[in-house]
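To keep things simple, chains are lettered A, B, C and D as they appear, and every chain counts its residues starting from 1.
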Amino acid sequence: MVHETVVMEGHLIDSDVLRKAFNRIVEEGGEFEVREFRVGKTNDEPSRATISVTARDPEALDRILEHLAYLGAASAALGDAQFAPAEADGILPDDFYSTTNFDTVVRIAGKWVSATDQKMDCALVLRGEGPACVKQGQVKKEEKVALRGAGIRVRPPERSRDYSVFGFMSNDISAEINKGIAIAGTAREMRRAREAGERIVVVAGPAVVHSGGEVHLARLVREGWVDVLLTGNAFAVHDLEKSILKTSLGVCQLSGRAVEGGSRHHLFAINAVNRAGGIAKAVDSGLVSSGVMYEAVRKGVTFVLAGSIRDDGPLKDTITDMIVAQKAYVEALKGAGVCLMLATALHSIAVGNLLPARVRTVCVDMTESVPVKLSNRGTMQAIGVVTDVGFFLERLAGELRTTA
Amino acid sequence: MVHETVVMEGHLIDSDVLRKAFNRIVEEGGEFEVREFRVGKTNDEPSRATISVTARDPEALDRILEHLAYLGAASAALGDAQFAPAEADGILPDDFYSTTNFDTVVRIAGKWVSATDQKMDCALVLRGEGPACVKQGQVKKEEKVALRGAGIRVRPPERSRDYSVFGFMSNDISAEINKGIAIAGTAREMRRAREAGERIVVVAGPAVVHSGGEVHLARLVREGWVDVLLTGNAFAVHDLEKSILKTSLGVCQLSGRAVEGGSRHHLFAINAVNRAGGIAKAVDSGLVSSGVMYEAVRKGVTFVLAGSIRDDGPLKDTITDMIVAQKAYVEALKGAGVCLMLATALHSIAVGNLLPARVRTVCVDMTESVPVKLSNRGTMQAIGVVTDVGFFLERLAGELRTTA
Amino acid sequence: MVHETVVMEGHLIDSDVLRKAFNRIVEEGGEFEVREFRVGKTNDEPSRATISVTARDPEALDRILEHLAYLGAASAALGDAQFAPAEADGILPDDFYSTTNFDTVVRIAGKWVSATDQKMDCALVLRGEGPACVKQGQVKKEEKVALRGAGIRVRPPERSRDYSVFGFMSNDISAEINKGIAIAGTAREMRRAREAGERIVVVAGPAVVHSGGEVHLARLVREGWVDVLLTGNAFAVHDLEKSILKTSLGVCQLSGRAVEGGSRHHLFAINAVNRAGGIAKAVDSGLVSSGVMYEAVRKGVTFVLAGSIRDDGPLKDTITDMIVAQKAYVEALKGAGVCLMLATALHSIAVGNLLPARVRTVCVDMTESVPVKLSNRGTMQAIGVVTDVGFFLERLAGELRTTA
Amino acid sequence: MVHETVVMEGHLIDSDVLRKAFNRIVEEGGEFEVREFRVGKTNDEPSRATISVTARDPEALDRILEHLAYLGAASAALGDAQFAPAEADGILPDDFYSTTNFDTVVRIAGKWVSATDQKMDCALVLRGEGPACVKQGQVKKEEKVALRGAGIRVRPPERSRDYSVFGFMSNDISAEINKGIAIAGTAREMRRAREAGERIVVVAGPAVVHSGGEVHLARLVREGWVDVLLTGNAFAVHDLEKSILKTSLGVCQLSGRAVEGGSRHHLFAINAVNRAGGIAKAVDSGLVSSGVMYEAVRKGVTFVLAGSIRDDGPLKDTITDMIVAQKAYVEALKGAGVCLMLATALHSIAVGNLLPARVRTVCVDMTESVPVKLSNRGTMQAIGVVTDVGFFLERLAGELRTTA
C-alpha cells in the first residue's frame, strides 16, 4: 500500500469538488482519510482540506492523483512542471498533459504562472512568456509541451454564492423549469457582461430561422447585444434567402412545407451573394437589406461561418477548412463573458470545446439531449433551457428592452 | 386565365405522384381537369394521366408547371432544354435549373439524355457527352448550365409492388415499428445489392462506438458486407482509442461516465496514430489491431473521414476542407445500392444530399427527429428505424450470418 | 385462385385511399387488376374504381377484402350486415366488427344507415333506431352486435381540395414547419367551427402550466374560444395552485427549480379546494380567482378531469373511475369540430381514440413522438406542431384577437 | 435579523446534502456561518456540521428552516412533533407536514419514532403505534395529522462509498453512458436483493412488447427474478394478444406497421380473456400459454393492472378506479429493494411517487426526458439508461444467467 497527501482549497462544497474527489478515489480502488478540514464559514471564505490517499500500488496512486489534480488538488510534494519537446508538428510526447476548461496555473522555476487561452483537450505549450493551451494539431516541432505530473493545478469555477441564476442552475436541465427565470437570468448576465466589458457570443443553428427567431436575433444584434456570431453556412443562407427573396419561396405558403424544387431558392440566394462578392458586399450593394447577417455587417459584429460536410454552396464567407475555422472561432471567443448556444448541437459542442468554464453559458434546444451531451463532454457550466428557440429569442429581446 | 396540358406517366398512384400533383396545383391557386386517365391494370403496367391545368396568370402557371415538372410531369409543348454559360467559377445564371434526387433526363437536340451523378440541389452542366449534376461551387466559368423550363424531366422512384420492405415502408418512421421486420428487410437488401454488384455504404457516427455497436460493425466489415464507410474524425478516433488503449480509459470502469481529464486518452490515440503516419500505417505497424478502422484497412474498404468544427486532432486521414471532403464522399458513393445511416444527423443529411433517391436507405437513430429531417430535406426514400444503434448492428450481423 | 370485384368511390387519389388499397392487396399476397377507373375531373367530382382482386385461397381473399372494407371498398356482392347477440355484458361474439374512426354506414334491411357516436375500436351495436359505436366494455348482454363481412362500409375523410391548412398538412409532422402557418390555420378552423356551431375542444396536460401557457389558455376560455376542456387532475391542480398561492411557492424563485418539500403547496391547493367543496364552489367563494379552471367555471365551459395512477389528492372534481371518465369524455366530445391537443401524450391518445377522423385536430408537443404515436394509432387527421406549448398558446391567442 | 442554529449529520458531502443546504439558505435570502464541521475521516464515518443561519425576519427564517429540515437538518431547539386532527375525510389541517421519500423520524413524547410506509407527498398520520405516510385522500376525519415545524427529521439516502454502480451513478442520465456497466450493476443489485430477501419490482409499459422485449421479461419472470409487476391494461393486452393469436395479427407482416382494422385483434384478445373470466383463468384454461402474464400467473408473481383513460376493454383484471389502483400499488411495493422502470412515463412517475428513496431504481427509456422528469419530481435515486428496452431486457437476462 502506498499513500500521498493532497491539499484542496476553494469553495469545495459549493462547487461540488470534494464529493467528486471522494468518489474518484473510491472508484479507482483507493481509500482516503480527511486529515484536516476547515470549512469556509461564510459565503466569502474558501474551504481547505488535507486528504491522505491510499492505493494498492504506485500506478493506482498515480491514476488517483491525476484525477484529483484535474479537480484542483495540489500534491503536497511540490515541484516545477516538466516539459518535453514536440517530436514533430502536431505530435506530442506521449506523457503530455491534457487540459480541462478550468483556469490552470503552471509552476515554472518555482513560480505559478497562469495558462493563456484556456480551453479543454489541449496541450500546454511554452509560448512567449508563459504556458498556452494549444490544440494538438497546432503544436510545432520542438515546442516545449507540459507533461502530466507535478507543477500543474486547476481552479474549478466556483458556484457563486450570490443571487445569480447562473450560480445555482449550472448543470440543471429541464423542459419544465421556469423559463421566465432562466431568460431573466440570461438578460441579467448580458447586462453584467456589457458593463464589465466582456463579449457576448451567440452560437446559432438554422433552426433559429426555421422557428422565426431570426427577427428577434436581428434586433438583438441591431441593439448592440451581440459581439460575436459563430455559426455555419446553413444559418447564413437561410437568413439571407429570407432577405433577398422577401418571402420564403422554397416553402409552400399554404402548408409551410418545403416544396419540390424548393432548394432552388436556397441556391439562388447563395449565387446572388457570391456574385456580389460576399455578405458584406451584398449588404453594401443593397441586395441584402434585413436579417441577422445584415445587422451584423452594419454593426460590425464579428461573424465566423464554419463549413460542414452537408453545406450547399457554400457562401464565399464560409471557411471550408476546419483547422482554419477552429482558429477563427478561437480568436473570436477571446474576451467572451456570456455565450448563448441556440439550437445547434454541432456548433454548440464545438464552442463548448473552446470556452473556459468560467464563461456563463446558456444552451437552448427542443430536447434535453444537447445540454446533456454538453455536460457529458465537460461544458458543465451550460444551463439547459428546453424550449422553442424562436420563443426564447422573442422573450429575451423583450426582457432586454424592458429592463434597458 | 391561362392553361396548359401536361402528361404524367409511371406508377402514378403507387408512387403517390398524382396526389402530390393535385395538391400542388390547388396550393398554388390553380385548378385542374383530368382529361384522360389510364391506370396500370396490374403490378407491372404504368399509369398515364393527361391533365389540363388552369391558373390566373402566366406567372402562376409557370410556377405550377415547374412544380409538376419536379414530380415528373412533361409539358405537352415539347422543346429542347435551354442552357446558358456560368458567369464565373461557382456563379450560375439566375435561371439555373436545380436538380432533385430523382433520375433526370434532359432533351438535347431532340434526344432525351440521362443526367449523370444524380443528386439533389445541383446545377445540370454539360460535361463530356451529356448533362451532369454538379454542385454549384464546382461549376466552372463558361460551362453550359441548364435553365429551368422545357426539356427537363424527372422520374420519381417507383414504390415497387413486390415483397420488399423497402417498397412499402418508405417514409415511415416509428419507434414502435416491428424492428425485426425492418432489420430482416435491410439484410435482404444487402444480399440483393451484393448479387447485383451494387455497393453497400455505411454512414456512421460516434454513438456507434458509445453504444458498443462497433464490435458488430467491425464484423460486418470483416465479413465483406461493407464497401464504403463515410464518417468523421470522431468516430474513427473513438474506434482507434478502443483498439490502442485496450480499455476505454477515458471512462470510469465503475460508473461508465467520462472522467476528468479523460479526453487525454482521446488525444493520446490521435497522437499515436498520427505519429505512425495515419490509420493504414498504424494498422500495418501493429499499433491498431482491432476495430472498424482496422477491418476497413485490412479489407480494403474505402473510407472517408470528413472533418468538422468540433474535432480534436484531427487524424491525418481526416479531410479538413469540406469542399474536398464532399468530393471524396461523392466519389465514394458511386455505384451505391444500399446505404445504412447509423446514429449521425450531420453525416446522414450530408449523404442524403448526395444520394439518388433510388438507393435503398435505412436511417437508425434514437429519436424520430433525424429520419423526419431527412424526409423533409428530400431524402424521402429513407426508412427510419428508431432504436439503439448497438442493438440494430448486433441483430443485423446475426441476420446476415444466419441467412448467409 | 379465387377472386372478387370491389368498387371504391370518393376522392380516391387525394385521400390516398387507392394507393393504400393497392399496397394492402400486394402485402397480403394478392394481385389486382383495375377493371375501370374514372377519375374526378375537378376538385368537386369523386373518382370511382372497379378492382378485381385475386388471392390464393378464400381465407386470404377474406383478409384482403376486410382490409379493403376498412378503406371504404364495397364488395360487389351486396347483402345486409349480420348481427349476433352479445353473450354477456362486455363479451362480444368472436366475429364482431371493430370500428375505425371513419364515418360508417351499415346496411340493414336493404337500407344504408349511418352509425352514431363514430369512434375507433368499438363494437357496432343496434341501439334505438340504428347502429351505434359502443366500447366493448359497455355492450350489454343480448344486444345485437354487427359481425365483420358484408353490409358495412366506411367513408375515409377526404382531404379537402380547398385552401385550408388542414386539407394539406394532415399527417405532417415536423419541428421545422412554418409554425405561423399552422397557427393561422388553427385560428381559421376555430372561427369556422364557431360559425358552424361546432364545439371546440381543448385537451391539456400539466406542461401547459409549466410553460406559462395557462395565462393564454385562460384568455382563450374567457373570450369564448373553448367549449370543452378535457384534462386530468394534475393540470387542474397546477392551475389552481397558481391562483390560490399567488406565486408558485413550490418552486425556487431564484432558480425556477422545484424545492425540497415543494409539493406541499400542491397538496395545500388540493386541500383548500376540496374543503371548499370542489372547483366551482372554490370559484364561487372567491378562493380561486384566476386561471383556466376559474374562467371555465365562470364561462360555463364543460370540463372533465380524468384521474390517473400518478395523481395526488385527487380533487373532488376528478373522476377516479376510468370507465366513468371515458363515458364523460365521450359525452363531452359530442358535436366537436376542432380539437387542440396540448402537451399531453396520455390524454391526447385517449381523446384520439374517441374522436371521429373528420374532426380537425392539432397536436402540439415538444417532440415528434406524440404526433407520430397518434398517427400510428389511427388518429391520422392530427397535424403535429412541434413547439413549446406556451409559445403556441400565446401566438394562437394573438392570432384570434387580431383577426376577430 | 434573526438566527437559529441547526445540526446536520450523515454523509453530508457524499450525499450532496451540505451543498444543497448552503444553496437553499442563500437562495432564500439568508446567510450562514459554519460553526463547527467534523468530516468523516473514512468511508464509514459520518460527518457532522453545526450551522448558524441568519435571515431578515422570522418568516424567512422559518422558510429556510423548513427547507433545511427536508434535507435532514435538526433544529437545535428540540421539541415534540405537533399534531392536529383532520377536519373531515381527506381534508388536512392547513399546516400539515408534507413528506419526502426520505426515511423520516418523528419525535413523539420525547422519543424518535420511524414513520412507516415512507413515500413522498403524504400526510404523516398517527395510526396504530406510530406515524404513517398516508395519501391525503385516505386520511380519515379526526385522525391526528403531523404539522410542519419541530419534531420531524428526514435522513437523505447516503451515496454508499462502495463498489456499486448505484452509489455513484444516481441522478446520472445519458444516452452515451456505458450501458454494459449499468446493466451489470442492475444485475448485481437484483442478486443482492434476492439474497437480502427484498422484492424486485418491474414497472412496464406497452413498448416492452412493441420492442420485442416481452420474451426476455417473460424469461426473467420464469426464472424467478421478478416479484411484482406493476403495469396497466395496455401492456397486458399486447402481451396476451401475442400469446392468443400466435402472430401479431394487427400488424402487417411485411411492413411491421399497424393495419386498418388491426385493433380488432386487440379487442379480440380482451374479449377472449374476459370470457374466460380473467387472466389467471385464461392461463388455467390453456387459452394463454406464453408471455409475461402467463409466466406471472404460473409463478405466482403479484401483478397490478392500473386502468387509464386511454384503455380499450378493459381486461377484468384491470383496476379501473385510481384510488383502488394506487392502494394496490402501495401494497405491492412493500418490501421492495429494487425497481426496474421500463419504457413508461405514466407508471414510472406513479411508482416513483410511492417508493422510498432508498430503493435502487433504474429507469429505461428511449429519451432522456423520462429520467429527467423523475428526478425533477423527487425520484432522484433513479438511474437513467437511455436505450431500447428490448435490448436492455435481452442483455439483462443474459447477464443474470451468466452470473447465476
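The rule we apply is simple: a contact is a pair of C-beta atoms (placed from the backbone, for glycine too) under 8 Å apart; a residue touches a chain by one contact, two chains touch by 3 or more.
Remember, predicted model here, so these are calculated numbers, not experimental data.
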A-B against B-C, pair bridged by the larger set of C-beta contacts: A-B
Centroid-based (C-alpha) most distant chain relative to subunit C: A
Length of the line joining the C-alpha centres of subunit B and subunit D, rounded to whole Å: 45
Whole-Å gap separating subunit A and subunit B, where each centre is the average of the chain's CA atoms: 32
Distance between the centres, which are taken as Cα means, of subunit C and subunit B, whole angstrom: 36
Shared-contact residues (touching 2 or more other chains) in subunit C: 27, 163, 168, 174-176, 252-255, 257, 367, 369, 376
Contact footprint of subunit C on subunit D as seen in their complex: 20, 24, 27, 66-67, 69-71, 87-88, 90-92, 94, 96, 98, 100, 120-121, 123, 135-137, 148, 232, 252-255, 257-261, 263-264, 266-268, 270-272, 274-275, 306-314, 320-323, 325-326, 329, 345-347, 349-350, 353, 367, 369, 376-378
Footprint of subunit A on subunit C - complex, ascending: 163, 165, 168-169, 172, 174-182, 207, 210-212, 248, 251-257, 366-367, 386-388, 390-391
Complex interface listing, subunit B residues touching subunit C: 13-14, 16, 18-19, 22-23, 26-27, 31-35, 37-43, 49, 159, 161-163, 168, 173-176, 367-369, 372-373, 376
